[in-house]
Amino acid sequence: MNSRSRRRVDPLLATGLGIVAVVLLLGIIAPLITSHDPLAQNVRARLASPSGDHWLGTDLLGRDVFSRILHGARIDIPLALVATLVPAVIGTLLGTVSGYYSRRVDAIIMRFADVVQAFPVYIFLVALVFLLGPGARSFVVASACISWVGYARLVRAEVSRLKSRDFIVAARAAGIGDRRVLGRHLLPNVMPQVYAYMASDAVLALVALASLSFLSLGVQPPEPEWGRMIADGVDRIRSEWWLSAVPGLAIVIVGTGFSLIAFGLERQASRR
Amino acid sequence: MSVRPVLSVRDLRVAVSEARRELVHGIDFDVFPGETVGLVGESGSGKSLSLRSICGLLPEGIVRSGGSVAVDIDESGKVRDGVDVLGRGIAMIFQEPMSSLNPTMRIGDLVTIGPRTLRGLSRKEARSRSLELMREVGIPDAERRMRAWPHELSGGLRQRVMIAMALATDPKVLLCDEPTTALDVSVQDQILRLLMQLKENRGLSMVLVTHDLGVVSQVCDRVMVMEKGLIVESGSTREILNHPRHDYTRRLIEAAQ
Amino acid sequence: MTRFLLRRCLQGVAVLVAVLVASFGLLKFVPGDPARQVAGTRATEAQVEAIRENLGLNDNVGVQLWKYLGRLVRGDFGSTTNGASDVADLIGQNYPVTLWLIVTSLVLTAIVSLALASSAVRRPGKLVDRLVLVTGSVGLAIPSFWLGIVLLIAVARPTGWFPIGGWGDSFGDRLRAVVLPCITLTASLIPFTTRSLRTSMLEVRQSEFVAAGRSVGLDGLPLFRRFILRNSLVPTVALFASLAGVVLSGTVLVEATFALPGLGQMMVVGAINRDVNVVQGLTVVFAAGVIVFNLVGDVVVALLDPRVERR
């Protein structure tokens, strides 16, 4: 592959990265955009309709909704990324071990994977969060316990497929050590697919975080987390419907961004 | 009064629809009643595409880009395109009996699916017709095999089922696309003999695509040799095999020996 | 078929046993003291000790596991932490709602994805086809609970046809109560199923036996019905079975959104109230649900595709 085609980024990938970057940036510079403190309560100004002062009105406790949504980007996006990265690292490592080394280790890892997958994701999430206590940290740990399976299966399949390919067999025959074969020859061929999987996993992590918070099991109040905000607004959907609708829109926008990144990366990976 | 051809093909062209790349560059031939015509050539010579384009069974993305096909089987003398009489006078036998039978239908239902749908044959009529046809194509123990699934049959039997399926439509013209290539040698011979016998009994006209000159010498009255999308030589089987005029034909014959 | 079924059932039981042990381990080997977790931070040491004794945490692990399995086999899931009711009874009361939701959603999913996929396939690359692909990627990013709320805002509120959450007593009320939840759950499944169906329909359409079907004069609806449909369903049903987790997970969120008194809602409330027996019991029930789901999927695949039994 020459340097020029390497530099050309897939348009879907670029769009997706753009969307996520913009929302994240809005979250970072939120204090510059709005003067309202996302946590400041004002009981006298509660449930105000959208106006010049409060662009999206105020919630039940009189907090500025626009400010809370912007600040939400600081919570949801980084947490979704961490909850994607941790299982990705664990799963890739286990998948490599499983695909490259002995059959016995492989069998053990894969049986664990089977059992994890026998549980519906959200049931497992709720059960784990129950054990660890609600909160952002539990969410990340629970994600790590569940999501590694997808990566492990993907990497295992790819590694064991590539292992029998000529260039790997040749490298091993030439006496190149396992670590070098893995690091220099195998993983570079597997990682593009892992990245694509990570992007689509980030969509699920984002939605899972919001869902858990919606169920009061994720990020705890008063933090301006999007799923929690949707839950807070549920009782008011007959009148102040935007309290629930708008935070969800933020999730859909960022999620679509991740989705597009996944699509773009997948296309790039398959083009190689 | 001269005999009119049942099938006449004029300037038939086949192309990749998007790239506008032509694969068959205008071929002409006639098939007369009761005649078997062979279309031979190496793979990629366009013989299979030519055959399939007669009745519009081309793979996705490939189209008949020019020329005409006239099928004259109607008693009133009306001439129609092959595409319009598919299953109503023209039928086809495929190369791979493994993949040409619908895996989710029982043999008995599959054989008469054509007339059952097109002519509204009743279930009972269809059943007895299936049984009849399966016996005609020499499927032993036909009664029991009515309830079998395609994957339960051997390659040779599957090809017989395919033939029965085609016969169920009462064809006048049978298009055969490498009907024996995928079969064991011993079975090949049986299937060829079956085709010959059916041709005699039913007065079928056949176009047979093959790369096997042995098959040609056994079955065909006339042969056309195709190379790179063109017919380069044609004539009676004996003439072509004994006195090939074209280099390509000679190479084919040498390669077969 | 009988032997096939028997084998699959045995496999299911094996997975179930693994799941039971895992659900036990879940409480056992996770860092922290389960009794302390249950009691909460404000409990006194004596209260924690009482809970520990009550949960049988002072026995050795093997004995605990054995007792636990024995209880489950007898259908005894213990009682709720406040001692007010029996978990098995609660499950018995709540499961019909969840079952309603699942069955109606599966039926709707089947209908919608079949309609979408077959019209997408009719003209590949055109409007419907593109739409299917786009909704596939955006659809995953839509949290189902939020979609439910949007439906409440945009449909239930202005029309008044459907209750804003809650269940009903009469059949008609229940039917009305299940409509929006069912649409919500269906929407979260459609992206998966429609894409899979579209792919397999395109594949089947290209296959030689479809050409053979055409060669005997079949076309249009008969060709689709007898040759394309059943063959394309096979991989999608298999996928469907693997989506069991998504379906059951979906019920948790959808029930919470629409305040439906089903198992999912019970699970969430149990987790919020820190009720061990409820969470553990439901984890087992849901995992068993996945196993049953897979089993049914396998059987449907075997019924659709006569070749399966041989494998």
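Letters are used for the chains, namely A, B and C, taken in the order the chains are written, and counting of residues starts over at 1 for each.
We adopt the following convention: contacts are C-beta pairs under 8 Å (C-beta built on N, C-alpha and C of every residue); 3 or more make two chains touch, one makes a residue touch a chain.
Here the structure is a predicted model, which means the values were calculated and not measured.
Participant: Hey, how would you classify the chain contact layout here, line, ring, star, complete or other?
Facilitator: line
Participant: Determine, using the mean of C-alpha atoms as each chain's centre, which chain is farthest from chain C.
Facilitator: B
Participant: Give me the two chains with the most inter-chain contact pairs.
Facilitator: A-C
Participant: Would you kindly tell me how far, in whole Å, the mean C-alpha position of chain C lies from that of chain A?
Facilitator: Roughly 22 Å, centre to centre.
Participant: List the centre-to-centre spacing of chain A and chain B in whole Å, with centres computed as mean CA coordinates.
Facilitator: 56
Participant: In whole angstrom, what separates the CA-based centres of chain B and chain C?
Facilitator: 50
Participant: Spell out, as numbers or ranges, the residues of chain A touching 2 or more other chains.
Facilitator: none
Participant: Mind listing the chain C positions that touch chain B in their complex?
Facilitator: Residues in contact with chain B: 205-218, 222, 226-227, 230-231, 304-307, 310.
Participant: Residue numbers of chain C touching chain A in their complex, please.
Facilitator: Against chain A, chain C makes touches at 15, 18-19, 22-23, 26-27, 30, 32, 34, 37, 137-138, 140-147, 149-150, 152-153, 157, 164, 244-250, 252-253, 256-257, 267-268, 270-272, 274, 279-280, 282-283, 286-287, 289-291.
Participant: Sort out for me which residues of chain A touch chain C in the complex.
Facilitator: Residues 111, 114-115, 117-124, 126-133, 200, 203-204, 206-207, 210-211, 214-217, 227, 230, 234, 237-238, 241, 244-245, 248, 251-252, 254-256, 258-260, 262-263 of chain A touch chain C in their complex.
Participant: For the complex, which residues does chain B have touching chain C?
Facilitator: 55-57, 59-60, 86-88, 91-92, 94, 96, 99-105, 113-114, 117-118, 149, 151, 162, 165-166, 168-169
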